[in-house]
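Multiple structures are listed underneath, in structure tokens.
Here chain A shows up in two complexes: once beside chain B, once beside chain C.
What follows is the complex of A and B.
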């Protein structure tokens, strides 16, 4: 039975138990004879041998008060709603339980525990924040429940999968690409665009967090050798920094053309002070706050001409699913647009759907092997995970043929501003523009 | 580290010190006069900042936003004193708990009302000025001038006006002040309003200098603590000097040592002062003639 057929089922039929498709899929689930699964008491005929339960329970985690976390929770919710409207997963209804991580490792752990032991979810998505992700790697392994990370970029997670594959194989990352690849992405962008931007001399400023460590460890050497620009300094900035003036004074006296950034948690103050002080150098790189579609209004336009890498912008057609997802999100959430974590969380839920349906089971080991062999067209590109022997086991692959995101720049549009894609070529919407005060 | 420019460093210390002073003075005023450690002080700053954000969004006017910042925080401070602190003033522990909880409540209310995203308040004054061969944003210079105007005004008010002298007298001895007919409750009321207004404006300045976030008051509260402990709890002059000391150490650390250590110097100094000279540089007094 195809997805199109499922789409024709009325909500009433689904609520009534949906004899046709659902019964068929449950029956096939039983015959799949998969291994035992947690919470299998509601499995039709399963009795511990896998299959599809009446209800598939998913969990989503993220810092609810942060736009990044909010987008994770809302995107998971949107995907689950769409899936239920379309006949569920293998005919089963899907429920979603969300937990606020407060962007704090302790709260993340207890939220994760509640989901996996209290609510017996079949898989989880989300997190944001590498520190929080790393704090629950052991719990994921204990719970033996598939977790699809959306938001955290540390390569430490796949390293742990590589160290002990059997224990940690339940972890996957849908996005963003890991921080090693984020460094590669910065190099790719610099090689393609620095020349036309007039950036011959740059300084790198990165926040002093786990995720930026792989970026700063060799970016100076790579920028100089592979891109041919002069790097005056690579600075790691403390979390509590609220005055960037002395840092910008140094950059200015070093005569840089641009500040190449790796900022997520402390990016807004840095950007606002750069704009207010009208520094004579450009500003951008990876800058998470500026990815927020609402950032122009939030900063009263101070973000003008800053640029950043992101998974996708609302009107960039990475795949045929990108714009419809952003539109559906805007429609469901009063015109709000998703941020990068949302694309990945949304894709994660659909990947789980495909994995459960093709494996005909909610058994974690079955889902793991289905995900390992999957090539999935998501909102953020063609998604494929590294296998056990890959460079980054269970992490998402980076590259033109997979997913590598886009670089966009905030450019004025009427009274407001717009995120206009400047790289890569196939998605480019406009040329980079220097800040208006230069 | 790269090129250290002494003029840059000096200007940054000067400009930041004034802002830090303003942040700390309200805190020290309430402690000096009422003996209350107001742990909600940081949150009062955010009331000022978000009042300004709301007014800028509604009207687009920065001067109106400044009025809203002062009035919003001042009124809150007044209500907080009249509604709660006045009744609990005799119990320092209860006051500590009340102010701490109030600070957390404000953060949550702001979070619900405005969301977690950092919001920028437009510069109070746009453009750049060249001073001693160095380009400075007008906003920073303006904030510096206004901060000093407010600090100077406060000195004048405390030392030269009747109400100010009543505040001074109460800070020295509540009983003595009562004997000469000064009503303590009225003095405390004035102090709380004054501290609220100063905190509200400091919040606006901070928001225009950095951004407004629901938790934006936490660092200033910690900073206030360090500053007033260094300067001597309750001393306005000590607070100004403490603010400049912290500002200097912060800028030197970031410029000369490492950008990874921003904000650490305030804590190191706090610990050192508490160990070596716990009464601070200027002891416990409200103001000096």
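What follows is the complex of A and C.
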């Protein structure tokens, strides 16, 4: 992480207090006029264009120990490095400070406070984990610093923006699409592929976490009415469930063709037991662990023929930026490949770059208006946010013309396996294959 | 003056005169004065850290008061913080009780939890009692999961809506979102707990509690009822722990989540911090709590160490425990100032300075004779 050189320190220091001073003024109840005055100092920069300081400070948050968080932190780092190599943001150097959220609300909040109040960053990206995101919505509002979520899917966040737009307008989500749209995505996939997969009777299994609530609310009805398949059961599986045998026995006796999943935190045990027990039904849906590019090796191939929705796979050309990003990531991080959170975190940093450059300012309100009117081609698709009066204010739009991710299946390739895209048609790399024991 | 048994009774003025205090007491006084100034002069992020450290130090003192003094080691003290915090948060969220009043709901609930935990301690001792304290918060967490609409489940109360923040308090900015407000709220709670715990432990009751730790049978043989004192200790500890939990949750540094108030790791950290600072001393626990919190925060923010901070932190803690088993504060007082703690109860039937002054006042007021 590079800092500015000594010659640039003076104007930088004038801007150091941007966010902190504004927060402080708000906190101490100083009049709006004084706060506006403080806002003016935000735009005193070394660039001489009235809005860009010498150093633009960004922050990234994520659980460093999980692949989802690791991808956020590394992708933000990669984007910042590329931007600096390419002349920075409007000529300003960019620094990135990363915080490990430990996937815990308290640690997430203190990390966020360190970034906004301690280091006065101009914007933050990341998080992963809806629980953690919701725990800092109030802090985002108080810090009045733009936050670009990558990883958490809860629609509760845009609902808060809708409830009190002025207070919460600093929140945006770059990806994944929210859980309502994840349900839509499951319906879209089922409509397009269940027929050829031979899935006429299915059971839905979802983990009992906040992000799956919108999915299980009405998926049974929608699958039956819109897709025309029979749904034998919709089960919410408790955290800590170790033995899926009775659940699979039940599914088997119900004669299901497939287990349609919404699993992220507790997906691995479920998947491995399904493969070990060679159950006579297929398995897949939204399954976050199987999205990991290293999952084939990690499970010794147990993930064969499972499928999952994800933002992008390393070799799927969602846009012209997708593959170059995955390649650059692999090059920088010893061959490792990003997971879905990484694509969004990477796009988020570049969207901030565009917003700051077009608004010619790091002022939060300016960045907000720039992001609201932006159409951005990212690694994960064409990205556009809902406006204040949209269905999900400041959330990313879902659809064929925007972003909707892909469904891939683990298929054998030589000694190992590969993630092969099976939907949508324009990105399809192969047909769905039934498990080898069926 | 330390452990003084002279019969000359001094006035409050003399007792509180900093010039007559021992060196380490004077240092403590300076530290408290510094806590009033620090939030104003330090960068805002340090006001957050000071607030967090003071809330945690209050948690640690509440553990030390009951476990450090009676020797009944509680492995689930987070129960009190959780009950106090969640009761206050839920009162505010579901019943629309003003946060300042909701704090009292939390305090009362935590006091009741103190009674519930205190009763087993009358019958169970040692590891059996510790097991009860260990299991109780786990049961509560499980209960919380069954009623997510009320408790927010795993997510805590932030999940069911935004808990109202404190309104402005006097001239201070709202502790609900201001770092400075949060720091002064934490300081107020901390000082209140410090005064209460120090006053009680330096009284005859403190002597009885220490006696229970050393030999409960001997205490009973003197005609005192150890059960009564232990129950009192648990209830008082619960009340103050609940106060800290409730105010912490409403403040800008905290919220009402399982991982911040109830989780087992909190209960363990509290024990480690109390042992680090000096078990059974209150002031040691206060110092240990603040020291532990700041050390952890600073380490987490050091580049490179940040990723390994928990490992480094655990090793540093172990080194402290190994080389300073009696705790930092008692070691510093004994080695640097070569004197006992002046406020400690004495074993020869004498009385502490504070008690002597108090008795003198009671005599003057018309004489409640003991």
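In this text, the second predicted complex is superposed on the first by the 388 of 438 C-alpha atoms of A that agree within 3 Å, B and C clash if a C-alpha of one lies under 4 Å from a C-alpha of the other, contacts with A are read in each partner's own complex, and residues count from 1 in each chain.
Here is the rule we use: contacts are C-beta pairs under 8 Å (C-beta built on N, C-alpha and C of every residue); 3 or more make two chains touch, one makes a residue touch a chain.
On a predicted model such as this, the values are computed, not experimentally measured, just so you know.
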item	value
Contacts of A:66 with chain B and chain C, given as first, second, both or neither	first
Partner chain in contact with A:140 - chain B first, chain C second, else both or neither	neither
Contacts of A:104 with chain B and chain C, given as first, second, both or neither	second
Touching partner for A:242 - first (chain B), second (chain C), both, neither	first
Which superposed partner A:131 touches (first chain B, second chain C, both, neither)	second
Which of chain B and chain C A:254 touches, first, second, both or neither	first
First (chain B), second (chain C), both or neither touched by A:269	first
Chain A residues contacted in one complex by chain B, in the other by chain C	none
In the complex with chain B, residue positions of chain A that touch it	63, 65-67, 208, 232-233, 235-238, 240-243, 245-247, 249-250, 253-254, 268-269, 272-273, 276-278, 289, 292, 294, 298-300, 302
Interface residues, chain B side, partner chain A - complex	1-5, 8-9, 12, 16, 56, 111, 115-123, 128, 135, 137, 139-140, 208-211, 213-214, 219, 250-251, 254-255, 259-264
Parts of chain C lying in touch with chain A, wherever the complex brings them together	43-45, 48, 52, 154-156, 158-159, 162, 165, 168, 173-174, 177-181, 252-255, 257, 259-260, 297, 300-301, 306-307
Complex interface listing, chain A residues touching chain C	20, 23-24, 27-29, 64, 100, 104-106, 109-110, 113-114, 117-119, 130-131, 134-135, 137-138, 142, 156, 160, 209-210, 239
